[in-house]
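Take a look at these structures.
The same subunit A turns up in both complexes below, where it pairs with subunit B and then with subunit C.
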Partner chain A sequence: MLGTGILKGLKETARNVIGSFRDKERLPTVMYPEEKVKTKENFRTFPFLVFDGNDAMLGLRCVSCRICEKECPPQCIFIIQERDENNKAVKHPRVFDIDFSVCMQCGICAEVCPFDAIKMDNIYELAGDDRFTGLLVDKHRLAKSNHYYHQIKPTEADEVDSRLAEDRRKAEEAAKAKAAAAAAKAAPPSSTAT
Partner chain B sequence: MNLVERIDQAPLLLQRWAVGFFPAFLQPWVAMLISAAAIIGVFASLFALSTLAERKGLGRIQNRPGPNRVGPFGMLQPLADGIKMLIKEDIVPLRADKVLHFLAPIALIVPSLLVYSVLPIGRNLVAMQCQLGVLLFFAIGASTELSIFMAGWGSHNKYSILGSIRAIAQMISYELPMVLAAITVILVTSSLDTVKIVEAQAGGFWAWHVCTPWGAIALLTFFICALAESNRAPFDLPEAESELIAGHLTEYSGFKYALFFMAEYLGMMAISGMAITLFLGGWQAPLPMLDFIPSWLWFFGKLAGFVVLFIWIRGTLPRLRADQLMNLAWKFLLPIALLNIGLAGLWVKSSAWIAWPVSILLLVPAVIGLGRLLRGSRPRGGKRIYQYAD
Partner chain C sequence: MIPGVTIEEKTDPLQGQILEVSMGPHHPSTHGVFRMDVKLDGERIVSLKPVFGYLHRNHEKIAEDVSYLGSIPYTDRLDYLCSLTNNWAYCLAVEKLTGFEVPERAEYIRVIVGELTRLVNHTCLMGFFVQDLGAMGTPLMYAFREREKILDLFEGLTGARMMCNYMRFGGVRCDLPSGWIDEVKKVVAAYPRFLDEFESLLTQNEILIARSQGVGVLSKELAINAGITGPCLRACGVGHDLRKVDAYSIYSRFDFRVPIGAHGDCYDRFMIRLLEMRESLKILDQAIAALPAGPIMDPKAKSRGVRPKAGEAYGRIEAPKGELGFYLISEGGPSPYRYRVRPPSLINLTVLEDMCLGGTVADAIAILGSIDIVLGEVDR
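And then the complex of A and B:
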């Protein structure tokens, strides 16, 4: 019959209008600046540097090995190693800059880091009023605590923490074994004496 | 005069009071000016309201909230739109016909406002009571086609000219069934005076013309044609953005564009007002006991209903193809409207007891048969053969 399709369509749109006032399903818009969609745990944007303890600069896990700098595809990472008064290299970055305007958020730096020092953040409201300095972020702004890392990515951070603890335990055991071996090496003369 | 009547006639009394301040020889002119100013003021603000209602309504239909940033619940959105339109640069194409390009929006907005002069908005509330009111309405309304073609020709743009050619073809095609639908009312009331047509429908909703077999069909025909005449979806082919950018509006910006936009809405409301006057009892209350509500409120209530229906249909139906558009006008609406005139004559000459069954017996097969015909003209089944494209 002529016009039944039109009536069917009108009914559907009317259901949309009425439903939009009481059914979340029919009005799924999130009012962005006021409310935000909770990001997924594996959502990533820009990298940040993890530090342990309270002092951001002292607790940095970064040892300035520059693997991330070499691996970074768009080469947005810039590192200068710290040197002590004798010009001897120290395991600490003097300069660690990331240019967020160049970074493509691939996360390769976080993947290659053998010290779990650089991780991917989930901030997305980044805008600078300056093209050159605002988005060129230094180590002071990059450093974020392990606590923050736990907040944004709990499972991943737990896994990293347990792995680090395991490494530390192994290192201690190895050191102990070494010490024991050294002690054993030092001991034999007395044992042969007896 | 009691309070109810006083409120009912408030606009008229206000006008008389204002006119009283002027010397006698100026009074008719001042009265005219006040009527014109009132029409422009009221319907321009209704235009603003209906754009807001349209944007909110379409939003809800499409599962989104619509404008909600300007003012509480986005109420000030029309104001923001207006300011934006006014401060935009007015660009005239280098090779455009400057005179036509400038005159087209003016030549469109003037008739759009002029048609309101014969619409009875309430009891005794009509700017110009004219014995040929209905004729005047359609005559002035037809002149908008000229201004649309002026816009298309003056823009010196292929999209504009194609859009305006489409608009002319569409509007002339749909003018015919629309006027034929209106003729039934003229036949029955034997008057072209809009005020008399409204008065003929006094006494409750069963006295309205829509409650007769010919009136219902005529209103439906009239409404479909009104959609096409005001270039609204699903008949917005002249402005089909996927094919013609914006049709005759392509080369217009700033305030000239706003005038075109306003003319579209004014035309939509004027034609709804005419449908209300002809078929839905104008300013008459649906029940005699509801007469205490001012008559102009009834008119504007019915008008609001029509505007909502226009928005609802725009949000629901996809755009027609050009050949479907023409088929609907010439193969469906025109024969129905012609048959309907005969039925209106039967209604006048015989009693309702004869006219009702005869009308149903004639109309139902006609609508179904013509609908089948319409569907038959649509290519379906079989392999589609492309003649020019591989």
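And then the complex of A and C:
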């Protein structure tokens, strides 16, 4: 009979309307901004620079190797390396700017960074009224503490920390072994001396 | 007179006039910025010229400038509803060039996310299609409600809901977070209920049947000659699915069937997608059950600084919209010498005029909706 298909469909609609009063599955709307969905741990938006310790500028992990600048697909990272008074390159960025209006949040900078210095943030309410300089973020605004990193991405941050600690331990061991070898060379064995 | 409308005199004034209407580029049902120059004899279409390129972003030329890795996020933006299958096709082409081998676990993860992407795309399409037919809001919102659950899964795994940027040459970027596979199981288990609901909501609806059955019929011969792929081709009765034909990745291990239509009209194209989702769920069930442990990246693969040997490769997969292919020519440099995308949406769009001729303006909207285009992919 003509119209049965429509009636059958309307039954579905009615089921959804009634269901929305008691079943959360049928009414998933979230009353943003009063209520917010908790973002997943992996959720990424814009990059930030991780620093250790208390001083944001001294503790920056970035050594300005410029790998991220080279790999960034839309080329939104801009780095100038710091130089000391003798004009010698220092492993520290003098300028580190990211243009958030160009950044496409792909996360490749964080992926290629060999020093775990740049990571992906999960902030998403960045609307501003300044069209040009407001979204060109410098290293002071980019720098965020390792503590903050642990807060937003606990699992990933723990992994990074243990990896860095392991690297440091290996480096120390290597340095120690090197020092020991050097000392052994400098002081000839006692048996040959006598 | 309405702007964009011209009237052409016919030779015999008693026969009336031919009306030329420019539909678009900002038409709500053109799925993006797409224009159709339509010539109308009364309500009937006598000629239709698709005009596109409004969303051109120079994707192919940019890819020839950036590194191989740097192109992956750009491929996300081709067909922005199914970024993961775009990644997959591109990685497949690069893997053919470099010879990286994808470990077992990564293959399974790829199949799982690929089939989830197919669910996302087809769910969206069904909503959009009935929206184009005039069922404003309700079915589309039901479809989006379900799609949202899968997007949440993508967010948990890849960090982004739509621009996933997940696959890498020789594997995938990161392993599954703990508990993720259980969430997938939940979504997959609940999905058939939604499909049943959607089916009883619409498939027997007299209005839908009147608007789509016998509308936009595409013949088998024309479909094959024009290179149509994907659900549009299968709706004409051609059993061509790259998952079966090429059996790329590990699709030969799964037991699934390829639904085939009989008439090649809009209704068939709509139903094919519904049936395909059920097959996708079957594949998902099998893939989740068989997911092995192990590495997710080929140990000799690297993502940064890939410099394949000189040569060329064509990687293609069955994307939700049809055959998505990437053709790459390498000269041994850090970026490809030539990079070419074979987008299913664009090629499926080439038969639009043949399907629309003789139909009404309202039919043209329905036909365009049933082809399933995404302008990000058509214009690139």
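Worth pointing out:
Here is the rule we use: the second predicted complex is superposed on the first by the 167 of 194 C-alpha atoms of A that agree within 3 Å, B and C clash if a C-alpha of one lies under 4 Å from a C-alpha of the other, contacts with A are read in each partner's own complex, and residues count from 1 in each chain.
Methods note: a residue touches a chain if its C-beta (ideal position, glycine included) is under 8 Å from a C-beta of that chain, and two chains touch if they have at least 3 such contacts.
Predicted model only: the values in this text are computed from it and were never measured.
In the superposed model, A:P73 lies in contact with subunit C only, and not with subunit B. In the superposition on chain A, contact of A:S20 is made with subunit B only, not with subunit C.
Judged by the touch definition given at the top, the superposed model places A:I6 against both subunit B and subunit C. Contacts of A:P28 after superposition on the shared chain: both subunit B and subunit C are touched. After overlaying the two complexes on the shared chain, residue contacts for A:T133 are found with neither subunit B nor subunit C.
Once chain A of one complex is fitted onto chain A of the other, the partner contacts of A:S162 are absent, as it touches neither subunit B nor subunit C. More subunit A residues lie in contact with C than with the other chain of the pair subunit B and subunit C. Once the two complexes are overlaid on chain A, the subunit A residues touched by subunit B in the first and by subunit C in the second are 2-3, 6, 9, 12-13, 16, 26, 28. Partner subunit A is touched in their complex by these residues of subunit C: 66-67, 69-74, 76, 138, 142, 145, 148, 152, 155-160, 163, 165, 173-174, 177, 197, 200-209, 303-304. Within the complex, the subunit B residues that touch subunit A are 57, 60-65, 68, 312-313, 315-317, 367-368, 370-371, 374-375. The residues of subunit A lying in touch with subunit B in their complex are 1-3, 6, 9-10, 12-14, 16-17, 20-21, 26-29, 31. Across the complex, subunit C is touched by residues 2-6, 8-9, 11-13, 15-16, 26, 28, 39-44, 67, 71-73, 104-108, 111-112, 120, 155 of subunit A.
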